[in-house]
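Structures given as structure tokens follow.
In the two complexes below, chain A is the common chain; its partner is chain B in one and chain C in the other.
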Partner chain A sequence: MNLNVDYMISIIPLMTSAATYTIKITVLGVFFSFLIGIAGNIVYYYKIPFLSGFFKGYTEISRNTPIIAQLFFLFFGLPQVGITLSGFVCGVIALSFLGGSYMVEALRSGIESVSKIQKESGFALALSKTQILVYIILPQALRTSLQGLFANVIFLLRESSLIGAIAVPELMHVARSEISMFFRTEEVLLMLTFYYIILIAPISIFFTFLEKRLRYAR
Partner chain B sequence: MELRNITKSFGDKKVLDKVNLNVKEGSAIVILGPSGCGKSTLLRCINGLEKTDDGELVFNNIKYGDEKTNWRNIRGQIGMVFQSYELYPHMNVLDNLLLSPTKVQKRDKNEVKEMAISLLKRVGLDDRLKSYPHQLSGGQKQRIAIVRALCMNPKLMLFDEVTASIDPEMVYEVLQVIRDLKNEGMTMIIVTHEMGFAKSASDHVIFMDSGNIVEQSSPNDFFSNPKEERTKQFLNKFLHL
Partner chain C sequence: MQDNMNWLEFLISERVLLLDGIYQTIYVSLIALFYSLIGGLLVGFIRCIPNKISAFISRIYLESFRIIPLIVWLFAAFFLIPRFMGRGFSSEASAIWVFTLWGSAEIGELVKGAIQSLPTIQRESALALGLSKTQLYMYILIPQAVRRLIPTVINMATRIIKTTSMLDFVGVIEIVARSRQIIERTVEPFIIWSFVFFFFFFLCYPLTLWSRHLEKKFR
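And then the complex of A and B:
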């Protein structure tokens, strides 16, 4: 393989700005997914009648439709009824819609891992249901859920590469169009891999750090 | 504390059948009985972890237990300690002790901390303030759990087989804490299988079987002169262990 290093250096600015775009869209997607995850679990915890059903339905749809379908609906479908959203906004919504159900499940498994009698000991000490959630369940659940949350963040970063389908300048899309213009496939793919590794490394380090910080038991 | 005709079923299984019990202020009552006879359920009905189907609960001359009951208020006055300790694993000892007094009773943190430290001193664990539960032995965890309940200034304490999961050589230190409490005049209902403790530290012994109180008397009469056949069988099992 004969790599053109000069070419690779020359696309650094382009790739960096695409990576920035990917970061922005993923960070927002993770943020809103996490909020949906918290919201869904609050609804389940308090067994709020109508909303519990709503979240169950949402989870089904979110898990069983491809992100591309959601994107096309937002980007091409909504303008038909007069709602036009930018590609970026569509990307964030689609990513959050997808990630939300995964976050609900990841957090839920953590919440359910806190034993019934542990909660009862909180009740016996006169805590309210909300205080038990905030002071006893969530701190333990977050720790248990950490692996799942980490997997979801990586998953959303990967899924963000599909958002290029509506021609937004994220990493994968930029790399594709670069290849189709100059046919330097090896160079671009190598750079692409390099950039994704650069993106994943800090996430991984962050979660390892969190895990160490939260390791109180056993 | 008084229980009148307390009845409780799970599905169609009657676990408590018209149980009557009167616990005078300052007295320590021990409840004995085979596993599954409803001892835990009885304690759990008193602080509302289980809702009764029928009967009356009276605490400090006030009836409670219906839908209007402010359970958090009741639980603030009735401490309960579980077999499995249930310390909060993500908090150190001090935070375990501070949580309810500061968040529920809204007491001053320093005041509670002082109280916590002096109670810890009495159970010999004041050097463990910053330890996490997983760094403690079973006996230590259980003494902390007792102190945690005491930090709420309860008027009644419920103990549910609190030494059942503890290594035999550490059972004594936990029982000693309960004994001291009795000597200070704490009102207590104690479910246990420690016969020696029941005999020497209680004012009154209750024997339960299948949701009924079969026999109750002073510890001396109970152990030396049991009247009911079922009580004799039960005690025999323990003697021949």
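And then the complex of A and C:
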């Protein structure tokens, strides 16, 4: 295999701007899915009647459909009924729709991991439901949830590679068009892998480090 | 958009392509799941061996699928295998290869988790009763591990099904590709993409429910 190193260096600016796009879309996706996760857990915690059912239904739909189907529906399906969204907006919505349910589950498993006796003790001390949530459950739950939350961030970063399907200039899409223009497949794929490692490996390492620290703290 | 046309009639009129796409999606998923199960059991047992070198290699194997998106692997297989092997590989075959490697890594992790989650007292009691290593695995560990494994493997099946939707990129003619073909001709994206969305939902949701049911039953 003969790698053309000059070519690989020449596509660095292009790939970097694509990586920036990927980061942008993922950060927004993570942010909104985290909000959905918090909203869902507030609804579950206070057992708000109608909304609980809504979030349950949403979780099932989001977890049992692929992001490609969600994206194509948003980007190609909706314009026919008069709703036209830009590729970027579609990407963020799809990523948040997908990630939201994962965040709901990650936070929920943390909240459920707090033993029942803690809540009961809180009640016995005449704390309100909100006080119990804020002062007793959340500090402990967030620590347990952290693992799931980080796994979800990595998951969303990986899934963002599929948003290229609707022609937004993220890493995978740029790499694909580069391959089809110049046929330097090995070089482009190598660079692509390299970029994904740069993006994801630090999160993965930080996450392992954090996990060890938290386990030590306990 | 033909307003007066019933959407159900429209879908029925396009049944040939849609059914072919559905068949391909399910076919690829089943084959990939089957190979992944075999590979996953193997990987799982290797991961249980307390050996630093094998642990390191299997760790790298798993991480490489967790860090690099599957679509990149698919592209690599699709473009690079023919170049190195010197002969063409159908897009379906390369897709199944990649899915098997990915599925084996993931199922291997599940197998390892299932075996290690068994209380050590089970192993100790069996050894105290004078069972051999083979008997220990055959009669004590594997039957219990399988029970814990089945729900997670069903979950993995839904993940594989969902992931097949990206095979359109590398030229496998499954449901997404067929849908695009239909839309190019009929210009009815809303109905078709809604159909695809709910097709995946109604394929995966029963599996999710089944897995949840088994998880409760085995607990």
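Structure notes:
The working rule: the second predicted complex is superposed on the first by the 203 of 218 C-alpha atoms of A that agree within 3 Å, B and C clash if a C-alpha of one lies under 4 Å from a C-alpha of the other, contacts with A are read in each partner's own complex, and residues count from 1 in each chain.
Keep in mind that, in the parts below, a contact is a pair of C-beta atoms (placed from the backbone, for glycine too) under 8 Å apart; a residue touches a chain by one contact, two chains touch by 3 or more.
None of these values were measured; they are calculated from a predicted model.
Applying the stated contact rule after C-alpha superposition, one finds that A:Q131 touches chain B and leaves chain C untouched.
In the superposed model, more residues of chain A are touched by C than by the other of chain B and chain C. After overlaying the two complexes on the shared chain, residue contacts for A:I12 are found with neither chain B nor chain C.
Contacts of A:F123 after superposition on the shared chain: chain B is touched, whereas chain C is not.
Once chain A of one complex is fitted onto chain A of the other, the partner contacts of A:Q140 are limited to chain B, with no touch recorded for chain C. In the superposed pair of complexes, A:R158 makes contact with chain C only, with no contact to chain B. Chain A has no residue lying at the interface with chain B in one structure and with chain C in the other.
For chain A in complex with chain C, the residues that touch the partner chain are 60-61, 63-66, 68-70, 72-73, 76-81, 154, 158-159, 161-162, 165, 172, 175-176, 179, 185-186, 189, 192-193, 196-197, 200-201, 204. Interface residues of chain B facing chain A in the complex, by the touch rule stated above, are 47-49, 71-73, 75-76, 79-80, 82, 84, 86, 88-90, 99-100, 103-105, 132-134, 148-149, 152. Interface of chain C with chain A (complex): residues 1, 63, 66-72, 75-76, 79-80, 83, 158, 162-163, 165-166, 168-169, 176, 179, 183, 188-190, 192-194, 196-197, 200-201, 204-205, 208. The touching residues of chain A, counted against chain B in their complex, run 117-118, 120-128, 131, 135-136, 139-140, 143, 214, 216-218.
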